[in-house]
Every structure is written in C-alpha cells, then in structure tokens.
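Below you'll find a set of structures to go through.
First chain A sits with chain B, and in the next complex the same chain sits with chain C.
On to the complex of A and B.
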C-alpha cells in the first residue's frame, strides 16, 4: 500500500527507493545491463589454449593425475587431491575439452595478488571428444544428502556465485536440517547478465536442480529471488516452476540485493546472526549456475567444466554472454567482444563494485568467474578529508559506521575497528561508492581485517608460550615440593627411629623396627656376613669362600646389608644430633642435614675400609662381585638429594645381578674353558660399568622408611627398565660373543683337523687366541695377587 | 589521478565541491531577499568576506604546509563566511566582518586541522567572537526599507561600512533593533510581548516582517537541499520541531511573557541556522539518532537563551554548546548492526 506511493516519490527523490527493500541502505548504480542482456548467447568458443588452475577455491590444491603430452578427452579427470574429502576441502578438476596436455607449470591467475600458482595447460584439438557419464550416475533418484554429496564431490562443483566454497562440504549430512532452499537469481552487480541469460535459457535445469537438491536434503520450501530488472528471466523461471514447490519472488533492484544475508532477509525475513552459517539455521542458498551444474551432474554425470560468462563493459563494441570453458583466457574472450581500443588497461574479473583487477589479461576463467569487464580507465578525483557527511553510513547494507571505522583504521587503532564490527563488513563497496570525498573506504577495511588477523595470530602464540612457561614453572615447583616432602618425611622417620632406640653398635641392629619382612632376613644375613668379614679382615684370609651359599643365593639382599650399616651409622649420628637439638632447643632443618652428612662421612670412611676387604674377598666370587663392587665403589657424597636414587640403585643393582647370574649360568653350562675369561670379562665390565654410574650414594640409606611418591616410583621403574634393557643387550652381546668364540673354537678345531688355513680367519684366530691367553694370564696374575693378600 | 587499486571501481559522481556548491546555491534566494529588503550592505560585506577568506586561507595553508589546490577551492570556507555574513548587521563597520571571518577560519577551522577536523562550527565561532567582543556594533541593525523609508544603494552602503558615515543621512534614522531585541527591550520596560508584536505587525509585508521574509527564503533553499540530499532531514525537523514545541508550551502557559511559535520560528537567524548552520556535517553528530538529539538540543537551548539569556539571538551559543556534546551523543547512539542483537 505504501509501495506505489514510495515508487511515485522515487521518481523525483531517487533515494526514497531505499524504503522499498527490507535491508538497510544500498545504492543504485548505473547498471548498463542492456549492453549484454539484449545480445543472444553465443556458441561456446574453443580457445587456443586452456589454463586450468589446480586450486580454484578454498581448501587443498588438486594433485595432477596426468602427464605432459597425454591426450585427454572432455570430462576426463585431470587432477584430484588424495586427501580425505571429509577432512579437507578438495575439488577435482576435469578436462573441459579434448586435447593434449601441454605443460604443468605455474601460471598467473585471476587473483588480486597476481601470484603464480600451478596450472595445467591444455591445448584443445577442436574435436571435443567426450566421455559420457564420467561420474557413473544412474537414473535413480537421490534420497539422502550423502548420496548427493558424493556426486557433487566427484563432479567438482563449487559455489558459482563467486565465493567458490565446495558444495559437497556446504551441504549438511543430516537430512531435514535444511528446511528452506534459496535460489539466488538476484544478480545485483552492474554489467553482469550471466545469471539473467542462464535463467532465460536454462530455467528448467535450474528448477530441476533445485528440486533434486531439496529432495536429497529433505527441504520443504524452495524460494527463488530475482531482481525486478530481469522481467524475461522472471517469466521464464515462473514458467518452469509451474506445478513445483519452487516459489519465484521478485525483489527490488538495488545493489547489493544478491548478498546472501541481504537476500535471505528479503526472501524469508530471517536476519542471519553474525558469525553463523546459513546451514546452521536451516537455510541453504546457492546460485542458479550452481543448481544447473548440480542438475547436469546428477542427471548426465557431467562434471563442472564450463559456465555462463558475461563479457561486457564500456570498452567493448560487441559485448556478449556465452558458456565458456573453464580455463579460457580472458584475452580470447575479450577479442571475441571486439574491444573499442587496445586493451592496455587491466580487465576486471567480476563486476565494477566487487571485481578484481587482473594482473595479466591472459588469466583463465575459473569456476567462479562470472564476468570479464573492460571499462577504460577514467580520471578519479583525489581523496579529500572526510567531511563526516554520513552518506556511507546511510548506504551500508550491514548498518555499520564506515566513518568511524575509517577514522580508527587511519589511526591504526585496530582494536577499535574490530569493536565496530569490521568483520561483518561484506566489502560490497557501497560506502566508497557514495563518499563525496572519494575515500577508498573498502581498502581501509580490507587492510584492517588482515592486520587484525595477524594481531590475533600473534596473540595466540604469545598466550600459548605463556601457558607453557607457566606450566613448566609449576611442574618444577611441584617436583621441588615433592622432593622436600620426601626429605621431610625421611627426617621425621629418622628422628622417630633415633628417639625410639638409641643404638651405638652397628652390630646391634636387631631391635631396629623393620617394616619389610625381607629386611629382617637380610639383616640377619648382613650380620652374619659382617661378622664373617670382620673375621676375615682380622685373619687376613684371602679365600673367596666367604660367600656362603646363603649370601650368594640372596645376592639381592646383600645390598640391604651394606645399606643397613649405613642406617646404623646414620642413626648414631642423628641420635647425637637429636641430643644436640634437645640441648640447643632449636629445630633447624639444616641440622639433621649436617648431622647426617657427618654421619655419612663416617660411614663412608668405614665403608671404604670394608670395601678393600670386600674386594679382596669377593673378586673370586661369581655372583656377588658385581653387586658389592657396585656398593663398594659407591663414592661418598654428602648429598641428601640423592637419597631418592636408592630405590633406583636397588633396582638397578638387582637387575644387573640377576642378569649377571643368568649369563654366568649360561656360560658355565656351555663351555667350562670360557668360564674364567668370561667371569673376568664380566668383572671387568662391571668395574668398567660401575664408575660410569652417576652419583651412587649410600650414606643415609633409609629406603625402607622412605615414602616413595608416585613420581619417584615411576622414575625408579623407568630407570630399572632402562637398566634391564641395558643388561639385556649386554647379555645378548655376551651370548653373541660366546657363540662367536665357540665358532672360533670350532673353526680352530676344524683347521687343526683339516689343516686348511684361511689367511684372514687364521689371523683372526691368532688374535683371538692371543687375547684369550692374555686374559688367562691376567686372571692367573690376579689370583696370585689375591692369594698373596 | 590514479585508478583505485581494488574494488569498487564505480562512483556516484558526488564530490565535496559539489556539495558545497549546492549549499551556496541554496542560499541565493535568501541573499536576494535580503538585498531587496535591507539594501546592498550585505553585498559589500560579502565581498569583504571573500577577500578576507582568500588571504587567510592562502596564508594558513602555506603555514600548515598543505597543497593550495584543491583545498583553496573546496568551497567549505565559502559556506562559513556566507553564514557569518548573514548573521551580522548589513551596515556593520568593515573590520567587523574582516575580524570575524579571520577568526572563524583561523581558529575555527585551520588550527584544528582544516576541512573535516574542526570540532566547533566555524561560522558560529566567529559570530560568538563578534557578539562578545563588539556587542554594540552587533546589535545596531539596519532598519529595513519599509521602516526607514530609504534604501541604501551600493555606494552609500560601501561608504557607510568603510567610513561609518553616509553623507546626508543620520545614523539614527537608519538603524534600530531587530524584532527579537525589541521584544526583550519591551519586556524590560514592562511592555507586554503581545503589545510589542502587534506594534510590529503594523509594518509587515503580507503578514511577515522583513526578517520573517528572509527566514522564509532560507526555508525554501533548505527544502531544496533536503531534496537533493545535501543535508540530512533530521537537522531542520529536529531543531524546528523542538523549538516550536517548547515555545508553544510556554506561550500557552503565559502569552504575555512568552512570544508565540510563529514569532519564534520566523525571526532572527532561526531558518538560517536550521538549514545552513547546524547541518554542517563536520561539526554535527554523525549517527541518525544522534542527529535528531543534537538538533533538538539546539532547539531547546536557543529558546532558553532567547528567553532567559543575555543575548537576543542565542543561535551561536546554542550550537557551540551542542558541538561540545557531539562525541558523547555519537558514542551512545550507534545503530544496531545487521545480525547483532543491539
């Protein structure tokens, strides 16, 4: 009712037309559509060469499947990425016509950056030999979205309205999620008429494509929006939609009516919230050309290889529309339109409001190109300061404040620009179009968006680094706290023990409360061993029989004996220190440390004396040598922090001992002759190995009372495992050596038998023999020295 | 000029110079009416102002290191001095307009950064400067022809403006108070407002005083500017609406003290302000709602100053006061963006 009134007013006050559509703002540029709309659609041009870019859309580039020199037919698959289409956006590429692959090399593409990207160059042979139904579609109707997605993926269909998003990824998998399908036939940009003529000539295909999609997705409504400046197209579409659920709606001719959010508001009244996708609110909008491609893919198995393109502009004598092959160079189409003057200015891909100036006029048509525009350059006014007139704000379809965004972008206050919702800007160009000061506003917003992206990425990296650093400091502190807690617990235990039983004599340790049952047996064994050792040192005996079967059997428990000695010594020390504390009345945390250190030193001295005796006594034993050697060689370091290594030491030594035992048993079983050398070898190895152990410390050995934390247990287990692995390799090496030596022996025997001598092996054998003799000699010498002592 | 590097590559052929020219053209009817009713004094003043403008602009652009062209010809200074010229008495001495224009252009525009960067309306700044510095000269208005009985021709006006004397005439016969001033004086003398006004109606042409006709001429020009989208409709409608409303309320309350709405709307510089001064985009609010609030604020303030303030015509101070409030208004009247809740 108000509409005719406004339309009358609009004749004298053109801006009143803004009240005829729902969204805010909009501009009314000079359309010049009659230049190309009144011309018939020309037949397809087969160009001299086709340049097929491998990446025409967001996502991954396609991987080439053909080679240079191959002859390909129309619709043949040329390139496809091997990645999973569900995880990445992949679009295959098919040959638009038959011909020979000329080259696969970087070519300049119709991108604002003008950068080179990989492209297949195809030389058509003009014969257009086609592979029919390359997608292998059957005439079965498509019932589920996944079936449709499959066909669309293999057909390489992307959004042909200009965005180029792969359609198979845009469509949701859940049937019924989309309740309304929207067909975008608006085509609001000046000069472009490709959708107009497509609707005039292929209305049936569009409608059928939409119906197929709606059936697959389970949509109940289909609405098509066409601008009022296309009466013929409206008639054709209405005709094609008779009897179907497709509803044709005429919308006002205003730029940018064809924008997704604007057209959605116009057709359905739904205002899409920012940062949401249409599919999330149950809507799906696609261009008419996309629906045509869907129809052809589903019905005939044709991939997307050509599209309707407008070749128009004020620089052409004969602008036209035609279905151009993907990959046709711009220059060939421009030549067909008879330019008025030489094309020494850059052509524009797209319309004048949102198009892109190509860097080279030979760039190819891609799946998203809808227009080749030639407008000879006109002088442009100089940029003046902003007079704050507010025209830009009146024109913005997203209702932003371009003026404020401009001020803040100029001042590099990008956080304020972001607050003004610059990311909602659709870069339509309405604000720049109306600015009296000729300020290129959209350029400022594009720049702001890229700066903000960079700022966000940097901020993210900074936050991640900060998080990692904080975690690391927390972890270190936690470990430190655990260590201190363990230390404290140990000290408490020591204090408790020393307070409970004062013991002066290392021999009287029968009363010490042992929590582990093994320790008591070990204690008894240790006592016995200590007594024996004492007897030995007193008697200066050098027999290797001090090791009773008991101790040899319980070699693992040998260790606690030495540790027990240290415990006793430490107890004495703490007793003394405790008495001192009582006297002093102070509880310094360092005192137990110092006291223990002193005690450790005493114990160490004692142990050093004992070590010598032990070494003498135990060098000849087979099993316990390594273990006690380890313990004997323990260097005395008054360092409390290595207490936690005790369980590790225990485990390590235990594992080593067990391995040694096994190895020895095997060796004994195999060859008696090897035994002495082997034992010498293992002994040597042990002696070699033990100095390599870091920080073995036994002064305050309270492992029975230690509260092991999870971390320390894990560490111990890890170290034990490592040790076990080391031992296993050593064992394997031993075994290997054994077998090798056996083999050598056998060979030597065979040589002796047969008398054959292989010079190399002979030399090796001689060397081996010499080594063996050396080892035997060493052993005898050692035995002699031992026996001397 | 170089082509734009990225889209859009189309433009609607509007430019700053065009906008300013359109404003200038819209002021022509009022100029002609003024000349017809008050003599040629205004032409002399205008020429003086142009001369001052050229000199001052040139010096300031040079001092600021800016290119002379296109800033010299962007017509924005022309609007400033046109506004100022309409505000001063047509027979004021020459140094009034010269000092006023210089002050307005230097302190009101260039020192803040030139076109587009000044916070205060330059014309009103100059006018306020003159009002405060030279109150006598600013309040002795030339009587219109119908009152004085004599039209000063161009030479006589020039002579008077430059020398302060016209051979053969005395000043008292030519100068007097404006209607607004008369009402104030009347009130202070105990005369009723209605009495003062009815006395004025004796000398009216077709129901309006001379000043009233000048206002009508301004209104015609202003309506044309709204049509051609040079100014926003929120300014005149907000201003005149607020002024009419408040004067109506008070007039109903006590007609003897408060003049009627028609009087308020068609005397002094009301229409000039409504369509030409407050619509200056650089100093006004930028959001649609903000423009309404800004204009209504000015309307209320004008009434307050006229009724209870020290100056007969409070346009200048009302506008300057609202200019101070513009950033605050802009901050809180931002429109709802598409897709957002608020």
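On to the complex of A and C.
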C-alpha cells in the first residue's frame, strides 16, 4: 500500500526508500552487481602457489604439522592447535589441493596493516589428488549440537560472511536453545555477487546444510532472507525449499541489509539488545556459504578449503565468480579477470563500502574473503569541515550519533566516544557515504576503537601490575615477619639454654673455685685433657656443630658427678681459652646472630655429615650414649691424672696434643678442600677413641636446621677453619707455656676468656670477608668467561 | 515565644542527630584522595619518584608531603591530573621526563644470563622468572616496563624493547585531519 507511493517519491527523493525497511537509516549505493552476476561461475583456478597464514581471523596462530618439502594431498591437515578448542578458538587448516610444502615463513597478511606473519606456502602439483572423507563422517543424521560442533571444528569452518568467528564456537551446546535459524542471503555490498551465485547454483546444498544444522540444534524454524535485487537466487532457493521448513523471505535492497543485526530485525522483528549475542535470544544467523560448507563437511567429510569469490570491479574486463582455493593470491585471480590496465593500484578485499585496501596484491584469499575488487583510483573528494547537517545520523543503521563521535574522536576524547557506543558501530560506512563534507568518519571510529582497545588493555595491565606489586609487598612483609619470628624463637631458645647453663654453671663454678685452688694441677690437667677433647670438637666444629653446648648440657644432666662437672668446667675453659676451632660452636651460645649465620654456613657440610652421623649413631647410640660418654670420659681421666702428677709432663702432653691438632688441622684443611667435612669426621674418628658424644645431637641439629647451600659460604667456612687451625696452634703453644705455672695459667685463662672472643671474631670476620672477596673474584672470572663465550 | 524556642530546639536536636548518624553511617575509611591519585598513576611501580611504588607516592601526595611532578612515566598528563585532584600547584616536569614513548618491556638475553637473581629481587611486579644459576626470563604480559632490572644486571643482558606489532594489537591509523591536510 505504502510501496507504490514511496516508489514514486523515491524518484525525486531516494532516501524515502528508508521507510520500506524496518531498521533505521541505510543507504542506496550504486550496486554494480551485474558486472559479475551475469557471468557463469568459472572453473577453479589452480594457482602457482597457495599462501596459508597460520593466524586466522580469530584466536591465536595454529601449529604447523607439516615440514618444508612434504608432499600433501588435498584436504590433508596442515596445521591445528593443541589447545582446548573450547577456549582457543583456533580451527584446523587443511590443504586446498595436492602439492609440495614450499616454505613456512612470514608472508604479508590479507589485513589492513599489511603485517607479516607465519604462513605455509604450498606449491600445487596440478593433480589435485584428494583424500576423500578426511573427516570420517558416516552420513548418519546428526542428532546433537555437540556432534555437529565436533565436525565443524575439524572441518575448520568459520563464519564466511565477514567476521570469521569459528562456527563451532558460535553454536550453543544445549539442544533447542536456538529456536530459529536464519540464513543470510542478503548480500548488500555493491559489486559482490558470490552469495547470489552460490544460491543460484547450490541452493540445495544451502537448504540441506540449514536443515542439518536445524536438526542438530533442535530449531523448529528456518528463515532465509534474500534481497529483492537477486530474483534468480530467490527463485532457486524457493525451489529448493519446497517441502521443507525453510521459509524464504524477500527483503528490501538496502545497504547494509546483510548486517547480522539488521537482517535479524528485518526477518524476526527482534532488535538485538546492546552487548547480547543472537544466541542469547535463541537466534542463530549464518551466511549461505557457511551452510554449504556445513553440508559438505557433514555429508562428504570435506574440510573448508575453497570458497566462492567475486572478482569484480571497474578495473576488470571480465569480472567473474569462481570457487577459489583458500590461499590463492589476489593477483592470480585478478589476472584471470583481465585487468583493463596494469594493476599498480591496491586491490580491495571485500566490497567498496567495508572493504580494506590490501598492502600487497599478492596476499591470499582467506576463508572470509568474498570479493577481490579492483576499482581504479579516482580523484578523492576534498575533505571539508563538518557542517552538522546530521545526514550521517539519519543514515546510521544502528542509531548512533556519528557526528558526536567524530568530534570526540578528533579531540582524542576516547572515553566520550565509548560512551556514545562506538563499539556498537558495525563500520558499515553509511555515514561516510552520505557525508557531504567527505569526512572519512568510519576511519575515525576504527581508530577510536583500536585506541580504546589499547586503553582497556593498558588498564588491565595496570590493574595486574598493581595487584602483583601489592602481593609482592605483602609477601616481603610476611617473609620479614617470619624471619623475625624465627630469629626470635632462636634467640629465646638460646636464652633458655644459657639460662639453663647458669643453673648448672653455678654448681660448676661453685665446684671449680673450690677445686682449682685445691688442685690447680688438676685444672691444668683438665685443660690439657680438654685441649685434646677440643681436638675432637675441632672436627665437630669443622663439620659445623652447634651441639657442643647441648652435649655438655645433656652430659651434665645425665652424669652429675663431681668429676664430670670438673671435666665440664675444664671443657668450658678450653672452649674459650684453648680456642681451637671450637669458637664457632662456643660463640653460637653467646651470639645468636652469629650462631644463625654459622649454622647457615655450615649446614651444607652438616647435611653431608648426616650420613656419617647416622651411621655412628646407629653403632654407638644403640649402646646408650651417656654410658659411652662416661666411658669415653673415663678413658680420658687416667691421662688427666697422670698429667696432673707432673706439670712438666702435662706441658709435654699439651705440646703433643698441639702437634696432633696441627696435623689434624692439616688433614681437615685438605678434607675440607676436597669434600665436605664428612671425610674429616671419619679420619678423626679413626684417630679418636671416643667421639661418640657429638653425633646424636648433631643429628638433632640436622633435623632442626634448614639451610641454604652457597658456594661463598662454604668458602668462608673453609677459610675460617684454616684460620682457626692456625689460631689453635698458636694458642696451644701459649697453653703449653702456661701450664708450667698454674697460677699464671689461671690468670691467663681468665684473660683469655675475657679477651679472646673479640680477636677471634675479628679474625673470623676477616675470613668471611676474604671468602666473600674470593667469591666475588670467582664470579667476575666466571662472568668474564661467560661473556667471552 | 515558647513554641518557637521548642520548635527550634526540636529542630536542632533532630538535625544534630541526623548529622551524628550520617557521620557514622557514611564514614569514609582511609584517604579517598590517595585512592584517586593511585588510580591515575601508571602503576609501573618504577620508583622513579623516590617512593617504593605508586601507592606510597599517592599516599604522600594525598598528605601533601611531596611534589606533583615526580611521576616520570606518567609525564605531564598525570602531573596535571594529580595537581587537579590535590589542588596543588602544577609544576614543570624535570627535563628527564621525555615525551610519551611507546611501551617497552624488558627482554633478557638468555645466552648471557648467569642466573644471579638480582633482577628477580628488583622486579616490583614479580615478572621475572628464574632461579639461582638458572636462566631467567621475563613474563611479557606482566612487565610494566619500569626498567628497574636493567641497571642491576651484572652482565648487562637485559634490554628494553618496544612491543611487537601484530595484527592483534595493530591500530588503525588516525585519519588526516583537515587542518593537517591543509598545511
């Protein structure tokens, strides 16, 4: 009723035709479809080479399964992704024809950027040897969406209308979720006729493909929308749809009728809400070409390796449509269309409204390329300032405000552009088409979109960085707190120990003063004995023993005899006065920090010693250590007593002990240099008859202490041991001298006791320093060698 | 007279209670200004401002304890925003503050890396992966490009490289504007 009237008006006011369709706006460009639509579909061209980019429209790049030089047959799998298809959105890639893989190297993509990306180059042999039914389909009717999805995934089918979203990912898994299936046959872009020709020639396949999909998805309705300017296609499709649930609807010829949202509105009257997918409202629209691909995949197990392509444009003498292999270079198709002049201008991928100029005419056809367009360059209309006429607003098919978006985009106020829903823009180009000032509006929106995407990505990165930084700060805090807690615990343990010791020591001290004046010779003897024992402990400390105090404590507890106490006192005296390598152990009791450091330093060695310790523990601790200890002490006692009798002899003995110790120190040094001190332990053990005490407690220590192995620390320990050994010999000589006069010895002892700690620590610090320097030297050497390499 | 007094007394009590309630109900925890500033800071955590991270700088700014022009990665833009939020006088950026350059991320030359873990300790966002004496590498998605790891490397094997342009992050160029075209 309205139509004849509007058609009359349209003669003088063309945009009056906008009243004939449902969606807003739209434009009526010159279609030029007859250029290619009237030509028969040409036979497939086998090009000289096929370029198959690994990166497809959506998702990441696929992984190559073939090697350079391989011979592949048609439909053979070339690349696929090892990732979960549910997440990765990467479809496999198949060989469009038989031939040899020539190279796998970067090639220019069919992308507006003209960037290079990895691509497989296939040299066809022209024989077209095919693997039939490569997907292994059994022509059984497909009942569930998942079955269909599986086939579609393996067939590598993606939306062939434009966006190239993998079809399997588009389909919902729940049967019956899609109540209406929509077939998009509204090819609205000027020049393009591939869908038109496909509908004319393969209407049955399209309808069957749609029916297969509808059956699998449980849809009860199929609507096919075809623009009124394709009468032959409408006829063919109606013919094919007879007796099926497919309903053919003729829609107005208006650009952009083929847009998914526009055609959905036109066919169903449903306007898709912002940010929803058609699937959410029970609709699913696919291009006619996709349905043919589905049909071929489900019925014959054929993957998607070719598609109908329009080669058209004002620059061609013989435009045509043809089923082109995916990967065919644009230039080869263009040459087949006999260009009017040399193709020194860029070809366009897609139509004149939405298509993009490719950077190189050798780029390949992709699964979404529907047109290769050659329009000779025309003088560009000069861009003028916006006159705020509002034409663009009237033309916009998605009801946006192009003018406002343009102003903000120009001012780089991208947040405001986003607020104006620029992401709803389908980049159809209607606004640019109608703009009397020839402003390339769509370019502004595309630019804004990419800027906004970057801004969003940056925002995400910023949030991530913030989160990670906060986590790191928290972690460092926590570690610090933990370290402090550990240190505190250790300190307390040491305090307890030292608290326990004074409890014993008073008794000792009470005893020793009594004893010492009474039998100072005994004290000297005890010292001598202790010196020997220190030789023993020497090994222990070299092996990193912190146990001396513990052992003494335990022995004190278990054997509270006066004799033992005396020995203990002597031992303590020697620990400080004789100062063999013991200082490491004894100082641990005095300085918890140093103790911790030492423990860390020597823990590695301890670990090595653990095995030995275990063995010893097995053999010795089996027969109750305390008793052993008593025995051991008893065996020492006679020595002490003999020495006690004669101070001179004592001195001799001390000298001998010193000599022994020197020898031990040497061995120790060697052993340390070669291997961790477990070897030292053994050698010493063979020499000494009574080394039983330290081991069990050593074991305890081992379990208690967690440590880090560090080359520099080992080094430090070794150095310290060396220095300590030297120190010990010196001191022993002193001790020998001292033993001649007991009173003097007493004094010397006290002096040493008070005075020696500092020099020793000094020395050790020096040793550590030296070790550090050495480590640094080594490192630099290593670095040098590394960098030399 | 008495009615008027009663009415005003009543009103005074009522509003007093309302205000008292509101001050409890709508109490703002922390310093909102610091949060606001933290939002606009680039979160590279580079420490070029002299603070250990972006948040501490924001806190200091909120308490008016520092200058507004210390965020070098943020550049002039962020400085102006900060001065707007804090109400402080905008100050000229230091000369070192270069023009907004493209984002760069750190790459470790894995052949040269000696596994010293110095860069791992330095990284403010834990974006470097590795262990002692083992090769390190940078998790590109998490690198903020703060360049903190570059000076600490003893073998100088870390370099800052701009991001690769792929079809994924490629941006449509901005159309030439009329003014530019007429020039």
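Here, the second predicted complex is superposed on the first by the 456 of 789 C-alpha atoms of A that agree within 3 Å, B and C clash if a C-alpha of one lies under 4 Å from a C-alpha of the other, contacts with A are read in each partner's own complex, and residues count from 1 in each chain.
Operating definition for what follows: a contact is a pair of C-beta atoms (placed from the backbone, for glycine too) under 8 Å apart; a residue touches a chain by one contact, two chains touch by 3 or more.
Fair warning: this is a prediction, and the values are worked out from it, not measured in the lab.
**Student:** In the overlaid three-chain picture, which partner chain does A:385 touch, first (chain B) or second (chain C), both, or neither?
**Tutor:** In the superposition, A:385 touches chain B and chain C alike.
**Student:** After lining up the shared chain so the two structures overlap, which partner does A:112 touch, if you call chain B first and chain C second: first, second, both or neither?
**Tutor:** both
**Student:** Could you look at A:376 and tell me whether it touches chain B, chain C, both or neither (first, second, both, neither)?
**Tutor:** Neither: A:376 stays clear of chain B and chain C.
**Student:** Is A:410 contacted by the first partner chain B, the second partner chain C, both or neither?
**Tutor:** In the superposition, A:410 contacts chain C only.
**Student:** Go through the superposed model and pick first if A:432 touches only chain B, second if only chain C, both, or neither.
**Tutor:** first
**Student:** When the two structures are overlaid on chain A, which partner does A:469 contact: first (chain B), second (chain C), both, or neither?
**Tutor:** second
**Student:** Once the two complexes are aligned on chain A, which partner has more residues of chain A within touching range, chain B or chain C?
**Tutor:** Between chain B and chain C, B touches the greater number of residues in chain A.
**Student:** Regarding the shared-chain residue A:443, is it in contact with chain B (first), chain C (second), both, or neither?
**Tutor:** A:443 contacts both chain B and chain C.
**Student:** Quick check for you: in the superposed arrangement, does A:461 touch first (chain B), second (chain C), both or neither?
**Tutor:** Touch status of A:461: second partner only.
**Student:** Would you mind listing the overlap between the chain B footprint and the chain C footprint on chain A?
**Tutor:** Looking at chain A, the two contact sets intersect at 112, 384-385, 440, 443, 446.
**Student:** Could you pull out which chain A residues touch chain B in their complex?
**Tutor:** Interface residues on the chain A side: 12-13, 15, 23-24, 27, 29-30, 112, 190, 261, 271-275, 348, 350, 352-357, 375, 377, 379-382, 384-391, 393-394, 397-401, 403-404, 421, 424, 427, 429, 432-438, 440, 442-443, 446.
**Student:** Within their complex, state which residues of chain A touch chain C.
**Tutor:** Those in contact with chain C are residues 55, 109, 111-113, 115, 117, 383-385, 410, 440, 443-444, 446-447, 449-451, 454, 457-458, 461-466, 468-473, 779, 782-783, 786-787.
**Student:** Hey, which residues of chain C end up touching chain A in the complex?
**Tutor:** Touch list, chain C to chain A: 38, 42-45, 52-55, 103, 112, 114, 124-127, 141-142, 144, 154-155, 165-167, 169-178, 181.
**Student:** Within their complex, state which residues of chain B touch chain A.
**Tutor:** Per the stated touch rule, the residues are 1-12, 14-16, 18-19, 70, 74, 76, 114-117, 227, 229, 232, 281-282, 284, 286-288, 291, 330, 334-340.
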